[in-house]
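Next, two complexes with subunit A in common: one pairs it with subunit B, the other with subunit C.
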Partner chain A sequence: MLEKWVERALFVSMLFCALCVTAVFGFLVYFSWPLLSNVRGLAGIFSSVWKPFMGEFGILPMLAGTFSLAFLALVLACPLAIGITCFIEGLAPARPANAVRSLVYFMTSIPTVIYGFVSVFVLVPLIRDTFNQGAGFCLMTSAITLSLLIVPTMVISLETEMRQRAEEVRLGARSLGLTPAQELLWVLLPCSGRGLVVAMVLGFGRAVGDTLVALMVAGNAPVIPHTLLDSIRTLTAHIALVVATDSQDQAYYSIFAAGLLLFLIMALLTLLVRTIGGRFGQGGKRHERAF
Partner chain B sequence: MKRTTFIAVLAALCAFLAAGGIQASELDRFAGLKGTIDIAGGTAHIPVMNDAGKNIMRFNPDIRITVAGGGSGVGVQKVGEGLVDIGNTGRAVSEAEKSKYGLVSFPFAIDGVAVVVNPKNPVSELSAQQIKEIFSGRIANWKDLGGPDAAIHLFTRDEASGTREVFWEKLLNKGDLAQNANIVASNGAMKVAVAGDPHAIGYLGIGHISKDVKAVVIDKVEPSQENAKSGAYRVTRYLYMNTKGQPTQLQQAFIDYILGPDGAEICKKHGYIPISK
Partner chain C sequence: MNVRSEHALTFFSWLAAGITAAAVFILIAYLLVQGLPVMGPALFFGDTPWRAAVMGAEPVFDGIYPAVAGTFILIVCSSLIAIPLGICCGIYLAEYARGPLKNIFSFMVDLLSGMPSIVMGLFGFALILLMRRTLYAHANTSIMLSSACIALLILPYLIRMTQVALESLPESSRLLGPSLGYTRWQNIWHVLLPASSTAILSGIILSIGRAAEDTAVIMLTGVVANAGIPRSLSDKFEALPFSIFYLTAEHRDELELLRAFGSALVLLALTATIFFISYCIQRRLKRRWTMGE
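For the complex of A and B:
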C-alpha cells in the first residue's frame, strides 16, 4: 500500500518537473517568436554585429564567446580533474587522499561570486601585467577562473565512476600482480571512459551555464574573439546585461533568443551524454566480463 | 551666573524644539497615513530612497517602505506591471513606455557623469573631442594625449545603464563607441576596474568619485556638482521617480517629501543636486 503511494508521489513529481521544463521551453519560444517568425529578425539575430542603438541585434559574438570560454575552461580543467581523481583514487596514501577529497568537496560549496571577486583583484592584474596587451578582462582570465569552478564537478563525477569500477576490477588486478599505479593506469582509467565523458560534458555544461564569472572577468565586449587576450561576452552575461533595459525595445527580445539558444545547447549536451554514456556503459560491461 | 546658565539652557531648548518643529512639519504629512510603498529601479536613487524611507518609518511605524534596485529598465517594468508603487529611472521614460503603462514622472535631482582615469595617470585634462576619439577607438595610446606610451584600456557600461546613456548622449553626441571596450555592470565595478588599472579610462556618476580614481577636467571645466548645477558642466542627467497613473495620497506624500527641503538635504548628502520645487 505504502509502496503504491510512494510510487504515485514520485510519478507526480516527475510529471511536475517535466511540465516545468516544457513550460520554460514554451515560454522562451513564445517570447522570442516576434523575432524568430520573420526572416529579417532571424537574420538580425544570427549576425555578428551587436549595436543595439543602431538597430543591430546580432548575438553570434555571444555564442562564439560562450563556446570558446567553455571549451578553453574544459581544456584547462580536464588534466587537472583526471590528475586529482587518480591521486585520490589510488596513487595517494589514505590521509592525503582524504584531505584532497575534502578540499574538492569544499570547493563545490564556494559561491561563484567569490571566484569572480578574487579573480578581479588577483588574476586580472596578473594577466594584464604579464602579457601587456589589453586590460586583463579577457577570455584567458575567465577560462582560468572557470576551470577552477568546474574541476570539482568533474572530479566528483569521475571519482564516483572510478570507485565503482575499482570494486569490480580490484581483485582481478591484484591477482595479476599489478601495482596500484599499474592498476590505475592500465585497468581503471580505460574502464572509466564513460565516467570521463560524463565528467567532461557536465563540466562543459557548468561552464556554459555560469554567468557571474563571465560577467565579472571576461570583459563583456560583444565581439568574436581572435586571441586569448580578447574581451568576450557570453550568452549568459549578455542576458544579465540586457535584462534591465527598456523592455519595449527590440534588444530585449534578443535575450529570449539567447535563452533559447542556451536551452537548446544544454538539451543537446544532455542527449549527447545519454547516447555516448550508454555506449561506453556497454563497453564497461564488456571489460567486466573479460575479467 | 546661574541666571545666564538658565537662559542658555532655555535658548538651547527653544532651538531644539524649533528644529524639531521644522522637521515635524516636513514629516507631518505622513501623520495618520497607513500602508506600504514599494520602490524599485535605478541604482543611483537607492541611497536617497533608503534615507527618506528610514526617516518616514521612524516618524510613523504604520508606513512600510521597501527599496530595491535593478536598474532604470526594471524600474519602468515593475511600476508598469503594478509590482511596485514607485519605479525609479535615471533617464526620462520613453514615449513607448509612457503610453503603454500610463506613467507619471517626477524628476527630483541632477546627477553629473564624469570621465575618470587612474590616479597614477599623468593625463588630467581632455577636450570633448579627444574623449570622443578615445571612446571610438581612434586614439588608442596614452602618448597621443601627453601620457606614457601605453595602450588605452576602455571601460564602458551596459546597455541598461542610465550613466551610460548620459555619457553617450551628452559627451559622445551619440557617436561611435568602440566594440571591443570592456563592459562593467555597475558604478562600483567601474570604480574597481579603473582604480586597479593605470591605463584605464571610464566614466562614473559624480557622486561615486573618490580618491581611488581621478576625474578628468573636460574643456577646462571641472566635473563638480557646483559646475553641474550652474550648467557649466553639461554631462548631467535627471533622476526620476515614476508612478503608474496619478499617485495615491501616500505615494504623493512620499514624492512631496523627496521634493521638499528634507529630501533636498538627503540628495546633497549623497552627492546629487536637488531640484528645488
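For the complex of A and C:
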C-alpha cells in the first residue's frame, strides 16, 4: 500500500518538474505569438534595427552580439581550459595540481555579478587606456571576463572525461616508458576529442546564457559589432534592459521572442551534448565489460 | 621536434594555470583591498542602531542590512520549495524511472539545468502578466515569485546530485536491504538514503550557493533598489547581488560606491563559506569511500 503511494508521489513530483519546463516553453511561445504568427511581425523581429520609439523591434543585433561574445569567450577559454586540464592531469607535481584543481572548483562558486563588478573597475579602465578608444565597455572586455567564467565549466567537464581515459591507458603508456607530457600529448589528448567537444558546447552554452557580465561590461549598444572594441548588447542583457525600462507593449512581445530564441539555442546545445556524451558513455561501459 | 612540442605543452599548461590563478588572485585581492576598510557595523546598518535594525523597529537607509536579509529570506524560501521536490525527483530518476520515460524526464532535467537564468526570470514575469490578464488584476512581482523562480533554477542541480549520489552507491549496499527482506521503498528509506545523505547534503549546500548568487532571475521578478525588509511574502525586496549590480551602474557618490565594494565582499564571503562547507563534506566523503567502509 505504502509502496504504491510513495511511487505515485515521486512520479507526481517528477511530472511537476517536467510540466514546469513545458510551461516555460509554453509561456514564451504564448507571449511572443502576436509577433510570430504573422509575416510582418516576424520580419520586424528579424531586422537589424532596434528603435522602440519608432516602432522598430529588431533583435538581430542582439543575436549577433550574443554569438560574437560567446564565440570570442570560447576562443579565449579553450586553450586555457586545455592547459589547466593537462596541468591537473599529470604535468604538474601533486601539490600544485591539487591546488589548481581546488581553485577551479572554487571559481565555480564566485558569483557572476562579482566577475562583472571587478571587471568594471579593473579591466575596463585597462582596455580603455591601452587602446585609447571608446569607453572600454566593449566586446573584448566582456569576452575576457566571460572566458574566466566559463573556464571552470570546461575544465571540470574535460577533466572528468580525461581521467576516465587516463585510467584505461595509463598502464600501457607507462609500460612504454612515456613521460607524463608524452602520454598527454600523444595518447590522452588525441583520444579525448569528444570530451573536448562536449566541454566546448557546455562552455558555449554557459557564455550564451550569462546575463550579468554582458549587462555590466559589454556596453549594451543595440548594433551589430564590427570590431573588438565595439559596444554590444546580448539577448540576455536585452531582456533585462527592456523589462527594467518598462517600455510599450510591442517591446514586451519582442523580449519574449528573444527568450524563446535563447530557449531554443539552449535546447539544441543540450541535445548536442546528450548525443555526443551519450554515445561516449556507452562506449566506456563496453570497455569495462571487456576487461 | 617531438621533444620540443612536449616541452611546449608543459610550458603552456603552467602558463594557463598561472594566468587563471593570477586572474582569480587579482579579483580577490582587489575586493579585499577596496572592501575591507569599509567593513564594520556602519556598512550593514548605516546610522541606525543595530539592535533596532535587527528587530525591525527602525528602517535602515544607508546600510546593506536589508539586502542581506532579503538574500537570506530568498535562500530559505527557495530551499523550502526546491529541496523536497528535488530530492523526490532524484529518487524517482535513480530508483524508479525506467526505459523511455526515464530518458524523457532526464532530458527535461538537462533542459532545465541549461536554461539561462534570465529566461527563468522572464517566465516569472510572464506568470504575473498572465495573472493580471486573467485571475487577479493586482498581481505584482514579489519575493514569493522570486523564490519560486530561483527554486526552479536550482531544482536541476538538486535532482542530479541526489540521482548521482544514489546511483553511485556500491552494489553491496544496494543488495543489503532486499537480502534482509526489505521492500523497494524500505530499502531506499532505511539503507540507500542514509548511505548517500552526505553526498546529497553537499549538493543541497552547493545549490544554496547558486540561490544566493543569482541576479538575473530576481531582476525580473521583484527585486528593487530600495525596499527595506519585506514584511510579507508579497512584498518587493532587496538582495545582495542586485544591489552590487545597481550600485555599480547608478552610484551617486563615493559613499555608495564604497557600499558596493562592501556588498561585493560580503557576497563573496558568503558564497566562499558555502563552497568550503560543501568542499569539506565532499573530502570527508571521498576519504570514507577510499578507506572502504
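One rule holds in what follows: the second predicted complex is superposed on the first by the 254 of 291 C-alpha atoms of A that agree within 3 Å, B and C clash if a C-alpha of one lies under 4 Å from a C-alpha of the other, contacts with A are read in each partner's own complex, and residues count from 1 in each chain.
Methods note: a contact is a pair of C-beta atoms (placed from the backbone, for glycine too) under 8 Å apart; a residue touches a chain by one contact, two chains touch by 3 or more.
The structure displayed is predicted, hence computed values, not measured ones.
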{"item": "Fit or clash - subunit C, subunit B, common subunit A", "value": "clash"}
{"item": "Partner chain(s) touched by A:120 [first = subunit B, second = subunit C, both, neither]", "value": "both"}
{"item": "Touched partner set for A:133, first subunit B, second subunit C, both or neither", "value": "first"}
{"item": "Which of subunit B and subunit C A:112 touches, first, second, both or neither", "value": "second"}
{"item": "Contacts of A:185 with subunit B and subunit C, given as first, second, both or neither", "value": "second"}
{"item": "First, second, both or neither for A:240, with subunit B first and subunit C second", "value": "both"}
{"item": "Residue contacts on subunit A - larger count, subunit B or subunit C", "value": "C"}
{"item": "Which superposed partner A:219 touches (first subunit B, second subunit C, both, neither)", "value": "first"}
{"item": "Touched partner set for A:259, first subunit B, second subunit C, both or neither", "value": "second"}
{"item": "Partner chain in contact with A:272 - subunit B first, subunit C second, else both or neither", "value": "neither"}
{"item": "Identified clashing stretch of subunit B versus subunit C [79-87, 97-105 or 259-267]", "value": "79-87"}
{"item": "Interface residues of subunit A shared between complexes with subunit B and subunit C", "value": "120-121, 215-216, 240, 243-244"}
{"item": "Residue ranges of subunit A touching subunit C (in the complex, touch as defined)", "value": "2-3, 6-7, 9-11, 13-14, 16-18, 20-21, 23-24, 27-28, 30-31, 79-84, 86-87, 91-92, 96, 100, 102-107, 109-118, 120-122, 148, 151, 179, 181-182, 184-185, 205, 208-212, 215-216, 236, 239-240, 243-244, 252, 255-256, 259, 262-263, 266-267, 269-270, 273-274"}
{"item": "Subunit B to subunit A touching residues, read off their complex", "value": "70-74, 76-77, 94, 96-97, 100, 151, 153-155, 158-160, 168, 174, 179-185, 189, 192-193, 196-197, 199-200"}
{"item": "Sites on subunit C touched by subunit A in the complex", "value": "2, 5-7, 9-10, 12-17, 19-21, 23-24, 26-27, 30-31, 34, 85, 88-89, 91-93, 96-97, 104-105, 107-112, 114-123, 125-127, 129-130, 152, 155, 159, 183-185, 206, 209, 212-216, 219-220, 241, 244-245, 248-249, 260, 264, 267-268, 271-272, 274-275, 279"}
{"item": "Interfacial residue positions of subunit A with respect to subunit B in the complex", "value": "50-53, 120-121, 124-125, 128, 133-137, 215-216, 219-223, 230-231, 233, 240-248, 251"}
